[in-house]
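Chains: A, B, C and D, in written order; residue numbering restarts at 1 for each.
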Amino acid sequence: MSFTFSDLKNDNGNNWRAYLEHDFVRQLGEGRLAPEAFRHYLKQDYLFLIQFGRAFALAAYKSPTLADLRHAKAGLDAIIDLELGLHIDYCTQWGISEQELAELPEARATLAYTRYVLDTGNRGDLLDLHVALAPCLVGYADIARWLVEQPATVRGEANPYEPWIAMYESAEFQAAAQAEIAWLNQRLAEVSPSRFRQLCRIFDDATRLEIDFWDMGLEQRM
Amino acid sequence: MSFTFSDLKNDNGNNWRAYLEHDFVRQLGEGRLAPEAFRHYLKQDYLFLIQFGRAFALAAYKSPTLADLRHAKAGLDAIIDLELGLHIDYCTQWGISEQELAELPEARATLAYTRYVLDTGNRGDLLDLHVALAPCLVGYADIARWLVEQPATVRGEANPYEPWIAMYESAEFQAAAQAEIAWLNQRLAEVSPSRFRQLCRIFDDATRLEIDFWDMGLEQRM
Amino acid sequence: MSFTFSDLKNDNGNNWRAYLEHDFVRQLGEGRLAPEAFRHYLKQDYLFLIQFGRAFALAAYKSPTLADLRHAKAGLDAIIDLELGLHIDYCTQWGISEQELAELPEARATLAYTRYVLDTGNRGDLLDLHVALAPCLVGYADIARWLVEQPATVRGEANPYEPWIAMYESAEFQAAAQAEIAWLNQRLAEVSPSRFRQLCRIFDDATRLEIDFWDMGLEQRM
Amino acid sequence: MSFTFSDLKNDNGNNWRAYLEHDFVRQLGEGRLAPEAFRHYLKQDYLFLIQFGRAFALAAYKSPTLADLRHAKAGLDAIIDLELGLHIDYCTQWGISEQELAELPEARATLAYTRYVLDTGNRGDLLDLHVALAPCLVGYADIARWLVEQPATVRGEANPYEPWIAMYESAEFQAAAQAEIAWLNQRLAEVSPSRFRQLCRIFDDATRLEIDFWDMGLEQRM
């Protein structure tokens, strides 16, 4: 019996669908999401990204081999040297200054998902950490593909959220998600059924905390 | 300039009051809290307690001296050898079996507060960890004292939640909270203003996550 | 293919034998070990025990289930509530006061083994941590049994180190070591060959650091 | 009372001098170090560098602010993207292939110092971690300056170890060490006397483990 990433998704089917097809995602795809909701999400996503950087740093610390360390570092570089800058630019376009970002408190949903990932990584091994990160990295790629397939999704200038969709639909982001799935599949092929049950729990918890993140955006909650 | 635990509370005054005087607490004090809300809270509090045990184990690991290690271990002993058993008994009285407790998934608010405490402890030092724990340990003692002072609070058999109030009002629990405040005051006396700002942020985040825990109970949310 | 603890020992055969049959052990068994060497070892073993306590606390923090947490806590209790006291008494009999113990600096070999165990535990999962601890827990039981079988070993009052041999030969200590082997065998039965290679490296590193600990005693090194 | 990095060095004066003026350093400066000793040191220094990378990754994980995270990441980048490559090239010049490096087991002294740093970082905060790293980063800069001042030191092609001296004497390396001292001085200015005592213990332990690292090279020990 050899497990794959698809088994993790199938195991928590309802939550994965609830996350992918969340109202925040639908409204964003149809271009009718309240700008204030998007701004609130964007700001918290900036704080999320910093904690995500800490998670990849933790992965580098926990790496048993130099190859693993370089792999984790590539993720850290992508976040801190690249994505954080893009995110700051994007926030500026939505009227959110870098100064405002620097002084933001974290919303509860931001604290919840990020700290769950970090503690899971500290408690377990590199695979636990990656499974906790997967709903974000792989999920956003799935979401972009799902959105693009929906007839109700509005593309191009008619949708103020087009750049968001385009970014996660991009070949680069989709390839990064595929690489992560390949990494996970390689490890999952070796785990025992009881270990797989633990990983399902982690994947399900993390997915629920991602749903909360959409809720936070939609309801503009702290 | 020498800081104390009171300074932490004063710094986040609104959140501390919102936590202490939360509707969940008021309704519990007046005996009109929905039993289902209390049951939901009780079940999650069991899961919380296990993570709290992990937090004291982390404190033992992080201890720079044998005295600190023994202090952390005393907390771990109290939780795992004593409180967990009391909690299981109390749950039984409310119709929640130990089997049910063992199979419970964690609610989002439980994940959020506990993992925030654990990551804060890993990231920082023993003082960061204790400050993150303080809203629970010290807060429950404050809450019991506040409740007892309210004219609307119903005591004795007329209130199904009397044992809950009595437990946290007890001399033992109040003494444990006082000991924690003394420990904190000793360390806070030595910190610099910039370090104190960091600790205020931790205390405020943890307090907000405790408010969420009450919300979770009141609204019976997962 | 199902691995067992014996496979770990066989994999590093030379080091395991070099550790078990070390000159420190032989001289102790024959009652001709220099008292100063034993005193030096005893003092460092006290410091070792405190770090060992931190390792079991780390195991409690890292536990994925309440059962694992209780198991780790039992180890922590045994070390801090029981063995540390016995060790202090034993040191007193050898003319080493508790005050002297409290002010001791750690020898390099003590730092090396204990910190290797702790970092291995943080980096990996509970199994990595236990494998790093095994040369101590299981090794001392093996050593006592090996010593007792050697014709050159002197038993009874003729050997000033009789209490040391008797302690590790005792049914209690042997049973604790057997329980640890059983715990390890259960987990090792599920690991893949590549994971087993990682664990062999950890077991071998830890065994070499135990050999260093004997060297430290014999040569009274700091 | 405001502490500085010099206070840490003065506190353990004998060990710091024993580390700086170690026979390995003297023989290297005079060009009479056995090539096999240097090769042994070089190989272990490669393994050391990987663990040092893990230590900076840990610092990134532990960073309380984005500025701290970027600072730690700069150290990680320097080690993994730059120094590791230089080190591999340098090893090649000494007849040590990358393949040989990849298969090396860690010597005891390598395990000891690196794991002490990593556990100290996990146990404490960012300052504890940096103090444990300082004997390496700042020490090598001090050593190069000390060597250059010694009349017995041989410079230029007459000394096969000239590139080693030149690297650590370089403006870049000296500036990195100065930046680290500045970072430490800023934090040390705020610590209390009791906290300073803890940091002295860490600095002293780490310095002793560096001395061991020289011994390991000189005696070609595993």
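In the analysis below, a contact is a pair of C-beta atoms (placed from the backbone, for glycine too) under 8 Å apart; a residue touches a chain by one contact, two chains touch by 3 or more.
Because the structure is predicted, anything quoted here is derived from the model rather than measured.
Note on B-D: its contact pairs, compared by residue number with those of A-C, B-C or C-D, agree for more than half at A-C. Interface comparison, A-C versus A-D: the pair with the greater number of contacting C-beta pairs is A-D. Computed centre separation for the pair chain A/chain B is 30 angstrom, with centres defined by C-alpha atoms. Computed from the mean C-alpha positions, the centre of chain A lies at a distance of 43 Å from the centre of chain C.
Taking each chain's centre as the average of its CA atoms, chain A and chain D sit 37 Å apart.
Residue positions 54, 61, 63, 118, 122-123 of chain D are each in touch with at least two other chains. Considering their complex, residues 54, 105-106, 108-109, 111-112, 114-116, 118-120, 122-123, 201, 204-205, 208-209, 212, 222 of chain A touch chain B. Taken in their complex, chain A has these residues touching chain C: 61-64, 122-125, 128, 190, 192, 194-195, 198. Here chain B touches chain C in the complex through residues 50, 53-54, 57-58, 60-61, 63, 66, 69-70, 72-73, 76-77, 80, 102, 118, going by the rule given at the top.
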